[in-house]
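Structure incoming, see below.
Note that the chains take the letters A, B, C and D in the order they are written out, and that residue 1 is the start of every chain.
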Amino acid sequence: MIDAKVDAASDALLSVEGLEAGYGEVQVLWGLSLKARRGKLTAIVGANGAGKTTTLRAVAGTLTPWGGRVMLDGEDVTRVPSHAKAARGLALVPEGRQLFAAMSVAENLELGAFSPRAARFYAERLEQVFALFPRLAERRRQRAGTLSGGEQQMVAIARGLMSDPQILIIDELSLGLAPVVVYQLLATLKRLKQNGLTILLVEQNVHLALALSDYAYVIAEGRIFTEGLPAQLTANPEIRRAYLGL
Amino acid sequence: MTALLELDRVTRRFGGLLAVNNLSFAMREGEILGLIGPNGAGKSTLFNLINGVFAPNAGRIVFAGVDITGERPFMVARHGIARTHQIVQPLTNMTVLDNCTVGACFGRENLPLHRATEAARAAAALVGLDDRLHLAALHLTIAGKKRLELARALAAQPKLLLLDEVLAGLNPTEIEHMIAVIRRIRDSGVTILIIEHLMQAIMSLSDRIVVLNYGEKLAEGAPAEVARDPQVIEAYLGDPKLAAELEGNDGNGGHGSAAHD
Amino acid sequence: MLRRPFFWIIALVVAAFVVLPLIGNNVELRESLALAAVYITLASNLNLMLGYAGYINFGSIVFFGLGGYICIWLVDAHHWPLAASLLAAGIGVSVLSLIFGFGILRLRGPFFALSTIGIVEGVQAFAENFKPWGGSSGIYISPEVFAPLGGPGPALWVIYFLFVAVMAASLFLSYGIKISKFGLGLLAIGQNEDAAAILGVPTPRYKALCYSASAFLPALAGGLYFFKGAFIQPTDAFDLTLSTEAIVICMLGGQGTVTGVALGAYLYEELRGYLLTSSTFSNFQLVIAGALLLVIVLFFPSGLMGFIYSRFPRLQKVLE
Amino acid sequence: MFGIIASIIDGVLVGLVYGLAAMGLTLIWGVMDVINLTHGTMIVAGMMGLYLLTGAFGMSPYFTLPPVLIGGFFVGVALYWIAVHRMMGRPPLMSLLSTFSVNLVLVGLGTAVWGTALFNVDVSLPGLTIDRYTFPGAHIVAAVLAAVIAALLYAFLHYTRLGKALRAVANNREAAELVGIPTTRLLAIAVGGGVALAGVSGMLIGTLFPFTILSGDGYQLKSFVVTVLGGFGNPVGALMGGVALGLLEGAVTPFVPVSWTLVIEFVLFVLVLIAFPGGVFASRRGAL
């Protein structure tokens, strides 16, 4: 309603400031900051072990941050437990899908809408999700663990969408999937974005991530290595070097 | 054939997933062979097949002329194959020296305890852990634990060393140091099979590269050749054509700034 | 081994066990120390599995009870001399556990622990139904068997010194294994079995050998214990209380340490003695043992020695 | 010949109750990989609940089921917070030791109060006589109740929001947390449910056989055998395993002295475990 007046900072739905986190005694993130703007697709790329997954886990709360702040829609949610963040509209589609493998597709989706807020719109949401992934409607009674990799990723995304998220965070969308499947999934993400969903995407496939995103961050060694508009980044020879050692 | 390690049509399934599919390659004695491929391509599974954590569903693995297919890990270790783990597996409450001594005691030489301790000290010194011999492994930093993995493997005095992402998680100085150590190990006559995601490092270290994708061999050759291979570029960076196509699909702006050739 | 200070510390403890009750012919002290020796024997042999290899054996009492049965049966029915019966009991139980060990040690972690509970039930049921062992009424031996030891009075002294000898052997075995290559392999298994196997530790063989080694001396102790009482029956021989106490002692002193286990056995024996004589607590021995174990597991998983080592790191080199 | 068949049928009736007991064990294992070593004692607690409520309050035996169920649930929740919660994320042996030590305390208290006296609760129901063989009424009622409770548990797990959330926690705890399920609270509920089932099965067993404070060990072993037969973490499997064990007991009872049955069951337990080294459970993991 007051579109014109919002400045860039308050436009961020999710903002991470000076995030520090790690496992045991090992620090992985060293004061990392990034923003995901409303209605935009923000990408995070970076080599293996750079700290991408750790960032997302610290944001979602499955890993407790050591320092820094996580702001969701203007509220400090750094110490909010993971399940309560989900209820506030932060949905993480974790690396490797992490489905409830022994449960049916329908049950997975139902659990996606576990929070009381999402449960109210369950039927409506389910219809939307099945419209988005017709394949899942066909397979609704099948055990999630018996689906193909691409179908599993669909369930994972759909489960995230069922929570009626403000922001959908996806970790390694293309992991282990054939290019054609990745292409379909990314096309779906694009439709979601056009419908106004805020998306934060972590992706190894630099070309696809950059092609789709509105803004991108490159992480290295637990810090932001560089950031910018995708066009600026693709033109950057540093990224090619970091990935292929050419 | 003077191959030290030979894989002959090795296949391993997990449920419906073909983790390693009909894979064959051979390693010469004294070379460094780099193994690269996207996440989930089957690299770590391959290590687990070679050192006996998993048995292959089909195919043969021959080491120094002996068929070691399906042997248990401790038997494989005795033949002279040692490895490091991507996720470090220190014997947490034991000291650095004891960790290395285990490697020396039960490795290829099957040394008695007192001689094993000497070998362990030497291995720890080689990777630069000789100042922390009596520290419990759990108190090491991640870089220290990675070095410990390597020291423990070296203490076994292996003929073949499997290195699984020893550089991941290290800072540039540590990486430089580790690369120097790996070179020194090779110069001492050890054959090395290395998985690594840091491309610059693996391209400069390896004599040859094998590229895996979906459990199959995508390419094999000298680093420079492999890096030029369009299939390899696609597997790593994704298909530029698909990306372009996707971008073309974009009807109504929203991310016009993403334009690129 | 002779050059290490810890060897002499053990030797000193053993000497104290031998000498102290002899001063003034202190029978009361002798009986109390005899029980301590049994505790130390059971706990330090349990420690081989629990503290070194990282496997919980809830049923270590089987070694003790089975050793007792074999020994008593040989003495009673076959009129073997005590020494031969004891030896036969030790060897018999070790061989049995080696065979069992190869089987059940294929089970990892909790499943091994569960099957050790089952073994106790199984062996006890066997004893209750095995006619040559007197079924559920057990075996009494006539006091005549004490004659070769100089009659019942002196026999108690002989048996006491044998208890101490078995305890000494247990401590030296624990220590000897700890400083050996075998021990190093066991410790590696206890820390991370998969990593140990990849480093070349022959895990199945080592675990089975350890299980079997931990059976020998408790079997001797069991033989002595029931010989001393001249009576054995299934409910006594396979009473889980004693295995439980051995676990409490291991955890109390600090699993994996030789000193800790001996210290834990001594402390536990003192505590137990106090509780048994106090009118309030005499009925609550198991409750106290359980509460003690719970507190240790929840808050001090590395036990007394863990505390001592963290306070005095230098001691780690002297007190194994 | 009919004697054997009748014995087998009777075994199956009792086996259903064992299956119910094992469901309590396997519910906890399936949700959080913890083996509850207080299981046998919780079964005895259910028996004592039956004994005390029928004795002191003159309740009819079967009406003690609701209070035992509810009491068991709260005891289980307490058990979670005392002995299990701090063990999450520690090596599995530690939770084994912590539940073991709680068990020692409970058994110790029980024997201090009641000694090892034999208790017997008489339900005096008419039996069902076919040919010359009479099936005791108590066996039939207990079997029916066990089957009904098992069916209710199944329905709870599969058709209610809370039940589905519990299965989600069993399948993938981190993902459950991510979709908004308060997993810690659900872990406590799972232990509560497991103990409640153990208590109820104990209450039912108490209507069948006399018992002492120390009867728990034998029934706990039976639960393990049943669980291994049926597949760890699988409540339906547990019921099938119970039936299988009952069948076996019924079939061997006419030929083998009663005291051998435990040995046979134990041997079976080890053999099944060895035949599927980690496999029975590994393949069934998350089957809840």
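Please note the rule applied: a residue touches a chain if its C-beta (ideal position, glycine included) is under 8 Å from a C-beta of that chain, and two chains touch if they have at least 3 such contacts.
Bear in mind the structure is a predicted one, so any value in this text is a computation, not a measurement.
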Checklist entry - Which neighbours do chain C and chain D have in common? => result none
Next on the checklist: So using the touch definition from the top, which pair is joined by more C-beta contacts, A-D or A-B?
Outcome noted: A-B
Checklist entry - By mean C-alpha coordinates, which chain is most distant from chain C? => result A
Item to check | Centre-of-Cα separation between chain C and chain B, whole angstrom | outcome: 45
Checklist outcome for this item: dist(centroid_CA(chain A), centroid_CA(chain C)) in Å evaluates to 56
Item to check | Approximate Å spacing (C-alpha centroids) for the pair chain A, chain B | outcome: 30
Next on the checklist: Graph shape for the chains shown, where an edge means the two chains touch. Line, ring, star, complete, or other?
Outcome noted: ring
Checklist entry - Which chain pairs here would you call touching? => result A-B, A-D, B-C, C-D
Checklist outcome for this item: Within the complex, chain D is touched by chain C residues 54, 56, 58, 103-104, 106-111, 113-115, 117-119, 121-122, 125-126, 128-129, 240, 244, 247, 251, 283-294, 297-298, 301
Checklist entry - Which chain C residues qualify as touching chain B in the complex? => result 180-181, 184-185, 187-188, 191-192, 194-203
Next on the checklist: For a test of understanding, state which residues of chain A touch chain D in their complex under the given definition.
Outcome noted: 60, 62, 81-84, 86-87, 91-92, 94, 98-103, 107, 110-112, 114-115, 118, 145, 159, 163
Checklist outcome for this item: Per the touch rule above, chain B residues touching chain A in the complex are 38-40, 139, 141-142, 165, 168-169, 171, 197-204, 227, 233-234, 236-240, 242-247, 249-250, 252, 254-255, 257-260
Checklist entry - Quick one: in the complex, what on chain B touches chain C? => result 51, 53, 72-74, 77-78, 82-83, 85, 89-94, 98, 101-103, 105-107, 110, 112-113, 116, 152, 156
